[in-house]
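Both complexes shown next keep chain A, but they swap its partner, so chain B is in the first and chain C is in the second.
And now, the complex of A and B:
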């Protein structure tokens, strides 16, 4: 078994020579600044430390660094523990799961069963999101997906 | 893993919620980390999944607490009462275990107290003690003067114990305010230092301290403190005493328009009115029989009534000795050495009772 694993990782290391889609994850904190003229400015700052109740933007940038187009790209992101999904900010509407990735669908189609009662799932119930890119990603092309979430 | 199942509707299973949904929030100092995964094909061949870096941040300490007076009403006390207890509940709504420093302060005289009274004096010998868990103040066990390591979302009762001064009238109030200040709760059985909010920019990679508390009765929002007020309301018996004398008869006119001439019988009626809100107990009325008059043996009546300010000359007839035996009630009346003594025992709130005796003019 160990040999097999080693073989697989060797394959993974070798893979970038043919195709290499890279992901880069960042978390930013969304802060609202009250301007002197009464307006409000929403600003994103690096989230190094965040207080409960604050909103963060989880952003995943992707890029095809290979010389071949990459197809059937599926970017999957479990909503981190203690974060509650608020909304999607980039990448279009993803598929959602409220059961840890067992079942997927549009948020409006998902249900939560709790204490014998069934109710419509809310954004805060979401455990996983995943985006499927309909077009192949050309060599050198890049993009990003992002969602906002509130720290419990 | 690439193929999306084309599921249009499905029933999810509950119980996999990702966050620990504490009211006070995710525990301070926790690291929240995000990793995404991508799957893709190249030339129709599925490639190994690629993970992103783990983007992470640290959860700040969001300091918040509440202090709430217990019972929703004033603590009713009598003037001079020692060790009167006023209870509060302190709740840690921070996302971290904290100590809380406690202080009780007097409301300023003349200010409106917690339950609508007017502060008329200061309590003395004021102490603050933390409950040991039974919810009831017990001086032997409840000796802690600060809250040690109160967990997130946990509550504890706090007792303010004070002596009530004499000289306060029925209905007057003594107000005080309990303030809890958030302090470091890292060490057990050791009073932590008051927390200070992290100033300036976010400190990368370290846990900042953010004050998220509301404004209490005497403190500001976001100051790491919370306060609530309570009041002691004086409930006291207030006795008004008056004495009415009238001529019942004289040897010449009998009971028709009697005059205060020698041989005339005078009735003295001592009216005791309790205008306070609690019973006055142990009430003893003494009156010296006036000069040039002679006490009429067996004329004492106790616990009579008054109608429109006029003595009804009723009540229980007492004998003249100091013993209750043979008397109709427990209110002893006696006459000795020229002094009439009537023991009215108890005059209830808003009640008026009389003590009567008669003399003849020498």
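And now, the complex of A and C:
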């Protein structure tokens, strides 16, 4: 019953009807299937519940459902609390922030200051990711961005 | 629909061996991690321009609940006891630590030891409710097989299980097996208990059921205790009589052989009325003891020498010496 209610809630919170560019966010869990022949297969399943150490894929799909092109598209996604960024799965390299969106840049250029010491930022330090689409989105066109993260 | 998807996932897991990262890492080294039952919320936004206007659109807010890893560590504090006697009760100790990310209630159930011999009879279960690390009759008592000890993530509790040594195993061993498990059950790693975790989150078994088993033994006593007294008169071991005024040196050999232990042992020797104790002559294994009933093990009081030996595990050979003088107008 809990999962059914969750599904209805997600539908009710879908993107507003007035928007010309629609967004849809999903969270999936990545699992590894050990095959009888010794092989491994990675699958994504709906992430109703995840346990510490599990890897989830946060994916944002976008589509221009209007008859006009959209430009200067910027998609922002905070890394949810208790999740640590692992890597980027779709949408190319984004800009990162390790201070809640105050400053942005390539991950290799960001620093963490803690206890009077400065060190290079790691993926797990990232608080926000942001993709800037370089090309306008034509009417009817769609795409997606995604990152993986691990539950602390 | 999501229920159906979830269940089909779990069935597939059982058939082809899906290994979730959580199950793989949920053994002893697993940190507690994010607390079970919490909701992880994720929402994105897009900003774009269209015909000179800038708009911002928010996504739907996805919610994912943190499942509970049901994981624990059982630490058997002793393998067994030696020198036990038939029909007597002994306490066996172990510790349970919750290494999962949710609050758990644990039960303890006696099992057949399957050793092919008489089992120790489980009598009583207590938890160290006063946290002093030792068994007390004021510690909380629990019933076997029932949810009894609630542990928060990272919390440890010591359990005392009293067992009675059976008859007929003198010089032999008896055994005692128990299993400890969480209230959700003791399924193999990866077993999902739907909605059974904190906050009605799904719970996931993270400890191999074998980790919940412990077997203790009790070795029947073969202890043989001896106390031998000898006396030397005037420094001459060959003499068997003493004259008034002569000093007699007494030796008490307290010995233990075989396998076993004595507890709270006290050796006392009342002096005959015609002897006067020589003050300050009492020694234990060559070390002087005071005559007062004070911090050391010895005393002389009410005409008797007494030495507290305490607990000793065989083999042991303890020598107590003291001196006495034959009173005037008497002959020993």
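Rule of thumb we're sticking to: the second predicted complex is superposed on the first by the 133 of 152 C-alpha atoms of A that agree within 3 Å, B and C clash if a C-alpha of one lies under 4 Å from a C-alpha of the other, contacts with A are read in each partner's own complex, and residues count from 1 in each chain.
Throughout what follows, contacts are C-beta pairs under 8 Å (C-beta built on N, C-alpha and C of every residue); 3 or more make two chains touch, one makes a residue touch a chain.
Model, not experiment: these values are computed from the prediction.
In the superposition on chain A, A:62 makes contact with both chain B and chain C. By the touch criterion stated above, A:114 is placed in contact with chain B alone, chain C being left untouched.
In the superposed model, A:36 makes contact with chain C only, not with chain B. In the superposed model, A:84 lies in contact with chain B only, and not with chain C. Shared-chain residue A:125: touches chain B; no touch with chain C.
Residue contacts after overlaying the shared chain place A:105 against chain B, while chain C stays out of touching range. Residues 15, 19-27, 29, 45-53, 56, 58, 60, 62, 66, 68-78, 80-83, 137, 151-152 of chain A contact both chain B in one complex and chain C in the other.
Within the complex formed with chain B, the chain A residues making contact are 8, 11-12, 15, 18-27, 29, 45-53, 56, 58, 60, 62, 66, 68-84, 95, 97-100, 102-106, 109-114, 118, 121, 125, 127, 132, 137, 151-152.
Interface residues of chain C, counted against chain A in their complex, comprise 1-3, 5-6, 9, 12-13, 16-22, 24-26, 30-34, 38, 40-51, 54-55, 57-69, 101, 195, 200-202, 204. Of all residues in chain A, those touching chain C in their complex are 1-4, 6-7, 9-10, 13-16, 19-27, 29, 31-36, 45-56, 58, 60, 62, 66, 68-78, 80-83, 137, 150-152. If you check the complex, the residues on chain B that touch chain A are 1-2, 4-5, 7-22, 24-26, 30, 32-44, 47-48, 50-62, 95, 202-208, 210, 212.
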